[in-house]
Amino acid sequence: MNDASANEFLIVALARMIEGCRHVAVGNASPVPGAAALLARALSGDAMLVSLLGSLAHNPYTDGGRELFDSAGQGRLDAFFLGGGEIDGQANVNLVAVGPHDAPLARFPGSFGSAYLYFAVPRVILFRAEHTRRVLVPRVSFISAPGTSPPGIHRSGGPTALVTSRCAFAFDRARGRFRLETLHPGHTAEEVRAETGFDYDSAPEVAQTPPPSARALELIRGRVAGELAETYPSFAAREWGRAA
Amino acid sequence: MNDASANEFLIVALARMIEGCRHVAVGNASPVPGAAALLARALSGDAMLVSLLGSLAHNPYTDGGRELFDSAGQGRLDAFFLGGGEIDGQANVNLVAVGPHDAPLARFPGSFGSAYLYFAVPRVILFRAEHTRRVLVPRVSFISAPGTSPPGIHRSGGPTALVTSRCAFAFDRARGRFRLETLHPGHTAEEVRAETGFDYDSAPEVAQTPPPSARALELIRGRVAGELAETYPSFAAREWGRAA
Amino acid sequence: MLYRRPMTTARKLLDLDALAARIPDGAHLAIPADYSGVAMAATRALVRRRARGLRLVTVPTSGMQADILIGAGCVAAIETSGVGLGEHGLAPRFTAAAKSGSLHIIEATCPAIHAALQASEKGVPFMPLRGLLGSDLLAQRPDWKVIDNPFAAAGDPLVLLPAVRPDIALFHARWADRAGNVWIGRRRELATMAHAAARTLVTVEALFDGDLLADESTASGTLPSLYVSAAAVAERGAWPLPLPGLYAADDAAIRRYAQEARSDSGFARYLDETLRAAA
Amino acid sequence: MLYRRPMTTARKLLDLDALAARIPDGAHLAIPADYSGVAMAATRALVRRRARGLRLVTVPTSGMQADILIGAGCVAAIETSGVGLGEHGLAPRFTAAAKSGSLHIIEATCPAIHAALQASEKGVPFMPLRGLLGSDLLAQRPDWKVIDNPFAAAGDPLVLLPAVRPDIALFHARWADRAGNVWIGRRRELATMAHAAARTLVTVEALFDGDLLADESTASGTLPSLYVSAAAVAERGAWPLPLPGLYAADDAAIRRYAQEARSDSGFARYLDETLRAAA
């Protein structure tokens, strides 16, 4: 492993998952996915189009807030990142609350566009750094967006992967289950099993998540950091000492 | 009567019918209604908003072709002018064809926005200079837009008047019938009865349509002619020798 | 900012005939109204290449463009709210084709065309629209369905329009930049057309030297390259129709067309002259 | 051109407190997301005049604006797809009110709010939207109806959203001209909000000296006065939020708010300071 920070490692892991996409969008309050999209664009030789919510410089949309969703409905959006206050083993995502809705134990900001984009975008990458039984639960207490849909429900998209600070899972839509794909350096399959609240499949030998290349790190710390600082000044300052 | 031309007379007659409106729109290929709206605006001291289809200078819309219809659906459009290849005594309007649709005897351009605006705009003024039994028929052969709707049909607008080169009718929506209101100078009630293909009501004594005031004529030939020439250069050149 | 937008001009910028060649016979082709920016030079290129079987949808009306394509035998069907020459009267070739029954005319009304394109724009199968009930348009449109508004207590019929998704949108605009962004100003129906269509082909007056999205004064009137398949430069490409804000209609030329196109022989002569001049 | 647009400034131009007074207690108030131009100065004026019972609809999300209004007791209900402080974490007053059950939260998802406003914009009673099925949002929204797509051969369930028609839309923009036209640039959700709302109140950085509709470069980003009830000048009126294209967020000020608002006493202190500074 090289000298990548934890966030840099995740940025590269996420960027790898959207390789080859024509158009990738990133939602609200998502600096790591935002950096991943900007990195993937840089690595693509600018063949990839990136739409960063809240950005002026890195956002092609000119038809207002609905255009992200409209373009997804048109099939013009290949990949999107989604977080979750809770995520369960069927890839259901909870962005609303834990406990009863009118007196919750925990309250999250809200569902944002998840209930729509999870259906419309072919490749939705779930990302949550915190990998604990508090977040990765057997069953979410509120489904902001369901991981799978029964036959007969119009659905052209859905989850393909889940990346945390410990590992990367792939999601099998037909089986409705995650499979542990790779472990980040320093983490073990046993640890992941212990810290995950839901059941999942796993190969007997789980590979390591590849480390960032020198080229990727150079791009992140140069171009990507500068681009990201427009929308995420605090993150860019903390991570790389970069101002917008 | 003063020295108003036939078109000027009609422009003033139409302008009178939209007095007091906050917002008036004029559709395609309508130079006389267009001039009427511009005159009414001038006479209102610019309190009236006018939207002239095809104009840049006299059109407030910035949301594309749908905005005219959307604003009507929002209740923000008070009056609109509508023509007709055929118009019948129930104020049904035919802008499509006479005879069978696949082999018509006469073909008009098409329904434009009539099938919607006739329902949405409180004050729709029908205007057709030609006043003959060919145009004013007992029953239109194609209903582009119906003059009235049965109870239970959502409808907030409809026809209020019909102006021709001979006279002005008012339309009674409850009865679904026209009533001859005023005769233009030089025309008689008998002549109108003879040249109209549908039955209508009439007072025993029909008043004369008032002639244009000197002020109105002055505005038409000055400001209105100049404003209209942007959208209707041929008409303005023919009528007043005005170029855009 | 280190980022420079993709330099895709090489891929997206074509010449006029190559652009017209991207519109195959039988294509479902969306074209704008006369006030929006009509790709007349590309239309002549379509006639030159003897396009056949086009299914036009006019957004929401058309004039000389549809009339020429119909007269030249390029059109199998047209969905329209109106075809006419504005101040110059009826569209002669459209009218003749309608009377002879040689053209399949799908009657529409302006807001229905806008809404049906918005349905495609939003990725929904239909859009509701008020009005229409009691009109003979409904009889002409078995694809339009009347349902009872599910939100009303008692019966409240209204019309649902199925989404219209053209294969191709074709229009003329002022500028394209080297990334393929196109400046449309306030003609936002062009954005809706492009969002709704599978592909969008554009002719422009000129290449814009810079990034149309970089400055807020141009960005607010820009259709992003995401929707633009290819562009071609065609100076005065809307002629003899206007490009509002830049040049007015050539009234004499349209008047002459209106007169010539009244007869089959006059139209043939007009077409011949026009195509020879363009070649 | 002889025509000059109506000089309605006297009628439409108010001071900030007069503008806030146009928002009555109990109003159904549409407010934009942080990236759109948030009327923060007007928000402080609303708190000053002790507005009560507001029913917010966030288009489609909100942050510090909703949080302050909730904390100050101005809000009875909020329809939202998300309330948070972005990089600065959860919105503390929203979160506290949600946990205590003192706030009626109507859960939504971004495209549903956009579409429901578009329904009002188009004067239709509802709009369809894909997705949503199988989510617990549907259970929270008895006003959303599932029907079978009437255009599908077999069962194809989809959701219909009833139109949302706010009493008032409130936002901050760069310019208004003397006729009441407002320049919104590419923030077109502000146009949708204004079209959908019965009335629109706007604060602006400055008066524009001229006609925003006269030049194509400003017209394409202009909301016409037809939709604007009143405007007030409020320099840096989005502070501490950004006015994209003109000024960035005041990150230190938002961070301080995020910290203070964690406790009731901290929020009370923050509010007190803020209102005293603004008075």
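The chains carry the letters A, B, C and D, assigned in the order they are written, with residues numbered from 1 in each.
Here, a residue touches a chain if its C-beta (ideal position, glycine included) is under 8 Å from a C-beta of that chain, and two chains touch if they have at least 3 such contacts.
Keep in mind that what you see is a predicted model, and the values were worked out from it rather than measured.
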{"item": "Result of counting contacting C-beta pairs for B-C and A-C, higher pair", "value": "B-C"}
{"item": "Maximum centroid distance from chain D, chain identifier (CA atoms)", "value": "B"}
{"item": "Chain centre separation in whole Å, for chain C relative to chain A (CA means)", "value": "39"}
{"item": "Chain A-chain D separation of Cα centroids, rounded to whole Å", "value": "28"}
{"item": "Inter-centroid spacing, chain D versus chain C (mean Cα positions, whole Å)", "value": "35"}
{"item": "Residues of chain A whose C-beta touches two or more other chains", "value": "56, 61-63, 66, 69-70, 73, 120"}
{"item": "Sites on chain D at which at least two other chains make contact", "value": "115, 118, 122-124, 129-130, 156, 158, 186, 188, 191, 216, 219-221, 245"}
{"item": "Pairs of chains found to touch, sorted by chain label", "value": "A-C, A-D, B-C, B-D, C-D"}
{"item": "Chain C residues touching chain B - in the complex, by the definition given at the top", "value": "33-36, 59-61, 80-84, 86-88, 90-91, 94-95, 98-101, 105, 107-112, 114-115, 118, 129-137, 140, 154-158, 186-192, 244-245, 248-249, 251, 255"}
{"item": "In the complex, chain B residues that touch chain D", "value": "23, 38, 46-47, 49, 56-58, 60-63, 66, 69-76, 120, 222-223, 226-227, 230"}
{"item": "Sites on chain B touched by chain C in the complex", "value": "28-29, 31, 53-54, 56, 61-66, 68-70, 73, 95-97, 101-105, 107-120, 142-146, 149-150, 152-155, 232-235, 244"}
{"item": "Sites on chain D touched by chain B in the complex", "value": "1-7, 120-124, 181, 188, 191, 195-196, 213-214, 216, 219-227"}
{"item": "In the complex, chain D residues that touch chain C", "value": "115, 118, 122-130, 145, 147, 149-152, 156, 158, 160, 162, 184-186, 216-221, 245"}
